[in-house]
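Take a look at the structures listed below.
The two complexes that follow have subunit A in common; it is paired with subunit B in the first and with subunit C in the second.
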Partner chain A sequence: MGPPIDVSIALVALAPFLAAVMAPIVQRFVGSAAGWILAVIPASIFLFLASFIEPVTHGEVVRASLSWVPIQQLSLSFLIDGLSLMFAMTISGIGTLIIIYAGAYLAGHEHQGRFLGFMMAFMGAMLGLVLADNMLALFTFWELTSVSSFMLIGFDHYRQAARRAATQALVITNFGGLALLFGAVLMHQLSGSWDMSAIRVGDLQLDAHPLYGLVLALFLIAAFTKSAQFPLHFWLPNAMEAPTPVSAFLHSATMVQAGVYLLARMSPVLGGTDMWTVLLMSFGGVTLLWGAFAALKQTDLKQMLAQTTIASLGLLVMLIGYGNEAAIAAMVVYFIAHAFYKAGFFMLAGVIDHEAGTREITALGGLARAMPVSFVAAVLAGIAMVGLPLTVAYLAKEEMYLALQYGGWNLVATVTMVLGNALLGAVGIAVAVKPFLGPKVETPKHAHEGPLGLIAGPAILGIAGVAVALPTDWFGHDVMVPAASAILGEQIESHLTLALNFTSPLLWLSIATWLLALGAFLVLSRARSALRRIDDTVGYSFDAAFDVFMFGLIRGAGALTRFLHHGRLEIYLVVVFTGMALALLVPLFSMNGLEALMPPEALGDWRAVISWPDLTSYEWVVVSIAVIGLVALVVAQNRLVAILSLGVQGVAVAMLFLLFGAPDLSFTQFMVEILSVVILTLVMTRLRLDERDHRPFEDALRDGTIALLCGFGVAATLMTIIAGNFDSSLADFFLETSVPIAHGHNIVNVILVDYRGFDTLGEIAVVMTAGLAILALIRGRRSVAGTTITPPRDPANSEGVKG
Partner chain B sequence: MDYAIAALIGLFITVGVYFLLSRSVIRMLLGVSVFGNAVNLLIFVGGRLTREVPPIVPPDLYQAEGAVANPLPQALVLTAIVIGFAMFSFLLVLAFRAYQSLDADNTDNMRLAEPVGGCRPPLSY
Partner chain C sequence: MNTVIFRTIAPLIVAIMVVFSIYVMLRGHNEPGGGFIGGLIAASAIAIFGMACGVPEVRRAMRIDPLTFAGVGVLIAGLSGMLSLFTGKPFMTSIWLYIEFADAEVPLSTPLLFDIGVYLVVFGTLSAIALSLEDERDGDN
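Take a look at the complex of A and B:
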């Protein structure tokens, strides 16, 4: 037996991350053969997952749980059922081919190791996403796919278009990620569980809950942004700025399917309502037609494929929204078929680009002789995209039309699906046939067949698109049924068949689709110019709207920053001290602090409240000295008087310390004040400053008001503190233990050097730092101005003061 | 007696804040000094006042007898005075250097780091 099932399932999600760290190192040692070596990891994950087909077919659900944040009852729980197994095997299977492909595609690129690392990290995130049962884990992996997608789209970061596409994808998918987080938290609040499996089987009647609409909207935003549904679809075509392996992997078969996965996962909880059906079918239907028509407009192979990906995602969303048994079965089969042919097509587009030097479909032709294997793979992918018999895609299409039959041939849905499928088929024929047949067109590079690493992927996927469908019973029973049952929450039967039944309306609908596809292919170039003319007349695109939005955001942020961060120190301080006054006064009034000081019933008789303070005569003298010092400071007419007044108030403070039993404080304060006065006198007399305070009257009024409010607030707060009870336990502790355990009779000194020794160490460090900073300032000045000044006394000297 | 000192602290704070709100750096420095004194007194009075009996245990005794001053605020304030002075010295030299380099004592004229109008964010990707 290998490691326990918990650990090995977690490893499925974590191993690619470890490989991501290793990828650059591997690449450095073996060069572009790194693709073949690193592909071992997804390949072994694929084989490991294949061992679960057997139990999952029998309706088993494999769970694994690792403790994550035990205090919050959070665990990193994984779950393998038919749905997650299908996704995980698609990811790891296609991932294997893509990693091999990427090794050959970017051979000799200076950052190939980094690229492979990002790809592996993405694969880990994606596997974690589909295997996670915990919604927070799902969210974490969801965001990780967005981040790795950002890194991969912006891989050619020296191009502005790549940076823009990466930012756009990140902004849009992260917006959806936030919605997912809110939705997950809300779902947790309603159901009491973070585990999606527990929520599915729980007795949560969400569709009757008043918050159902909000939860649904949040999850739909998450899914629609990730799966590029109209009107948030525009990031996906721009993501084609990424190197082709990324487009083949992330933006066709896996990452963009995360939204579809989420919808399928949540359909037992959120689905089955009218709102669900209408929203999904309308957004999916519009996306299907929008993407299909947009694909006709393009001439770049990757752009054509990207637009059809949008269309296919719309189709999948539409099927989930339809929600009947056949629709879900069709969604499962179509997902697999699409992954096969779309990833294959993207890789072929990369091969053509790599070998012929262009991706413009109008500049390509007659490559079949030079690239025979690619041609065969393209034809296989093409017949799958059209949905001809003997392919997985044919099964998918039959199942789709069966769903329409179950749904009573809803006219809008039928027309949308047939038209969408036909247009996708037309693009499929164009991509498969146009570059390879017809007259030979001169290409920028002399075309020849790509190396094994490049053509292995498309060839295998093209064959798989047919080979998997041939054992129809096995495919239906072992692949489609477990996944569809997991989505529906009940066991269903497979009725997939490759046999052609000419009495069935389904087949005639399929034949109509094929004929339409052929027709659309034949008028493709005329349709393209017509559609482009329409585009030119409209002159507006969602893509441009994104720029307007982003720049508006940046301008708004700039304006807000300039408003808050205006650079006028005086205003900053006004804000700070107004805040201080409010913080002091608001609690004082709102929490009855003033009534405690001055009971309202005693207000009439102020003599009872305010008595003459019981200060001794010499204490009165010291207080008066302080007041005189402060007043003299304010009214001082020249700077020497001001400095002396500063000294006077400082000395008064020192005397207060002395009178109230603090000789150490008093001594230190005397020293500090004397030094301050001396240094200030030395420095200030060197400056040619305005003698007086020249603030305008309104400023003086404003500052004076704020200052008075602050002063009143502090005094009143302190009085309420004094009026309260005093907890002397700390003071008593020091008084009692100073001699017995610290062997010191001067308790203040004992506290400083013993009980709070580290604090004193910190204090000395501060003083030293200030001294060093002063030294640096003075040195710096010397080297600049070449003159000398008398350095102020080193404040570190004051250490001696404390004894 | 505590109330009278509390009122005095209010006066200290008022003068300190008033000076800190000035635009002249040197006057702000005076404000820092006064404000620091006010806060030190605040902590001191917060621990309650006791007249004339310092927290010192007589040499032949194990514990102080009778009411003595609260030692804890004294220890805190002692640290604060020293740090306050270090800070004051640093600010003084900084103000002096700023005056020499920028030829300005008025904070309105010190806009080297934050120029008037602020900077505009780049509008591109």
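Take a look at the complex of A and C:
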């Protein structure tokens, strides 16, 4: 027996990250064969996961947990049930093919190692996401997919379009990530658990809770942004700026399916309400039709596929929203079917681009003779996309229509699904047939079949789309039922069949879909120009709105910065000290501190309250020195005199500390006063300030008022604190334990270096950093002044020129 | 300011102040004093030295850039806290060693090391600032 099950399951999510680190090194040694070598990792993950099919089919749930933050009862818990197993196997299985494909696709690219590393990291994040049980772990992996997909989409970072697409995807999906975090925290507050499995089986009646709407909205925002639902769908087609392997991976089975996964995962907790059904079905339905029509408009193969991906995501969301047994079964089967044909199609688009030099569908034709294997793979994928019998997609479509039957043939849902499926089918036919059949069109490159690494993936996926469906009973029982049962939270029965039953309305709906698809394909070019005309008359897109929003954000941030960070020291000081005065005075008045200090009844005969202070003669001397220093400071016309007067006043205060028994404090105060006088004087001479302090009367009034308020606030607050009951437990503790456990008689010092040593460590680090900043300011000032004299030159260089 | 008397007497004052600052720091655990005050005294000494003899002279005498002292100080303070990790105790648990030296008992401890770190940070930072302000052509070296 190998490592314990906990470790092995965690390793499934973590191994790709290790591989990501290794990828550039591997690539350096073996070149483009790195794809084949690195593919071993997802392949072995796939095989490892396959060993769980048996127990999961019997309804078992495999859990694993690693301690993460034990103090917060957080653990990195993983869970394998039907749903996560299906996603994880799809991710690792397709991931294997994609890594091989990427090895061949980017052969000779100077950053291929980096690319493969990003791909592996993304795969790890995705596997972690679907296997995580803890919501915080889910959130972490969720954000990791956003970050790694940012790297992948912006891989060609020298192109502006790629940078923009990457930023856009990151902004939108991270917005959803924040919503997910809020939702997870809220869910934790309501249910008391971070583990989704515990929340699912717990007795949380969320749909009756007043916060249900908020939680639902947060999770939906998270899922809709990730899964590109209308109206936040526009980042997905833009993400086609990424190299084709990325599109094939992210937009078939992984990144965009994370939102679908989240919805499926959460449907036992959040689902089943009217709000859930209406929101999911309407957003999903609009997205389905929007994507399907948008796909017709495109001529670029990748763009066509990207738009159909949006449509498929809408369909999946719609099915989850429908939520009956058949709809969930349809969602599971359609997810698998879609992953197969969409990944295959994307890879084929890359092969065509690679070998023929263009992806424009109008500039392609008659490639079947030159690229026979690709053609076969394309036809297989096309058959699946149309949903012809003997494919997984056919089973999915039959289940969808069965779901409609269960739902009582809701007219809007029926029309949406049939139309959406038909349009997707039309695009499928176009992508599968148009580049390969018909008259041969001259392409930029002389087309020929791609190498093994490029065509292996599409070929295997095309065959899988049929091969998996043929053992229908096995597929239904071992793949569909566990996943669908996990989503529904109850055991269901498989009734998938490939048999054609001509008495069933479901088959006739399918036939109608196929005919519609064929019809739409035949009028494709006319439909395209009509749709484009509509687009031109509208002249507005969500994509442009995003730019406007981002531009506004940047402008707003700039304006806010200029407002807050204007660079005028005078205003900063006024704001800081006004804030300080408010912070002192508002609590003092609102909490009746002043009345506690001076009871109103005692104010009546204030003569009785006021008395001559009982001070000794030398105390009087010290106090008067302080007062003299203060007066001198205020009336001083000369800055140097003012600085020295401040020092005099400070020294007098230090002497007071000494007289009242705080030698440490006074000692420090003395040194601080001396150094401040020295440093202030130096600063004054250094900044070449005027000797005299010219201040207009209004400024003097304003500064004086603020100063008086601050002084009064500090004094009154301190007096209130002293007048109150002093809790001496801490002081007693220090007094008692200073010698026995800290071996020191000077309690102040013992507190500084021992009891509160960690604070002091932080403080001295701050002191040093502040010193660095001050030095930088002093030197920065000089270099600004010095630029007019001579630019700095490298002495060694000028010597060389002379020599 | 830059009189002959001041210039002659300054090195003497500086030497006394530096020695005194170390004394203040070391006795800090039981009497008034400590690393913070010690560092302030030593920094004042450097400021006086700079006024009397000029900054280049001070920098030559110090040999090491004052900010290096500050950095080393933070390092020492941090490391002194880590020593306790080797005894299986949490970070910054103090360790005391009493060493018999001649007839006296010398207590050595991690808080003392920590205090030395504080001393160096305060000394280094403040003298760096003071010297930098005193020097008209600072940064050209």
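Please note the rule applied: the second predicted complex is superposed on the first by the 626 of 803 C-alpha atoms of A that agree within 3 Å, B and C clash if a C-alpha of one lies under 4 Å from a C-alpha of the other, contacts with A are read in each partner's own complex, and residues count from 1 in each chain.
Assume a contact is a pair of C-beta atoms (placed from the backbone, for glycine too) under 8 Å apart; a residue touches a chain by one contact, two chains touch by 3 or more.
This one's a predicted model, so the numbers in the text were calculated from it and none came from an experiment.
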Which of subunit B and subunit C A:Asp754 touches, first, second, both or neither: second
Partner chain(s) touched by A:Arg164 [first = subunit B, second = subunit C, both, neither]: first
Partner chain in contact with A:Ile674 - subunit B first, subunit C second, else both or neither: second
First (subunit B), second (subunit C), both or neither touched by A:Phe48: neither
First (subunit B), second (subunit C), both or neither touched by A:Arg562: first
Which of subunit B and subunit C A:Pro613 touches, first, second, both or neither: first
Most subunit A residues touched (candidates subunit B, subunit C): B
Which of subunit B and subunit C A:Trp36 touches, first, second, both or neither: neither
Touched partner set for A:Ala770, first subunit B, second subunit C, both or neither: both
Which superposed partner A:His743 touches (first subunit B, second subunit C, both, neither): second
Contact residues common to both interfaces of subunit A (with subunit B and with subunit C): 663-664, 668, 672, 675, 679, 683, 686, 745-746, 748, 752, 760, 767, 770-771, 774, 778
Contacting residues of subunit A [partner subunit B, same complex]: 160, 163-164, 167, 551, 554-555, 557-558, 561-562, 565-570, 573-574, 577, 613-615, 619, 623, 626-627, 630, 633-634, 639, 642, 646, 649-650, 653, 656-657, 659-665, 668-669, 672, 675-676, 679-680, 683-684, 686-687, 689-690, 693, 695, 703-704, 706-708, 710-712, 714-716, 718-719, 721-722, 726, 728, 730-731, 734-736, 738-740, 745-748, 751-752, 756, 759-760, 763, 766-767, 770-771, 773-774, 777-778, 780-781, 784-785, 789, 792-793, 795, 798-799, 801-802
Residues of subunit C defined as touching subunit A within the complex: 28-37, 40-41, 43-44, 47, 67, 70-71, 73-74, 77-78, 81, 91-92, 94, 96, 107, 109, 111-112, 114-115, 117-118, 121-122, 124-126, 128-130, 132-134, 138-139
Subunit A-facing residues of subunit B, complex: 1-24, 26-27, 29-30, 33-34, 37-38, 40-42, 44-59, 61-64, 68-72, 74-75, 77-79, 81-90, 92-94, 96-97, 99-101, 105, 107-108, 110-111, 113-118, 120-121, 123-125
Touching residues on subunit A, where the partner in the complex is subunit C: 663-664, 667-668, 671-672, 674-675, 678-679, 682-683, 686, 742-746, 748-750, 752-754, 757-758, 760-761, 764-765, 767-768, 770-772, 774-775, 778-779, 782-783
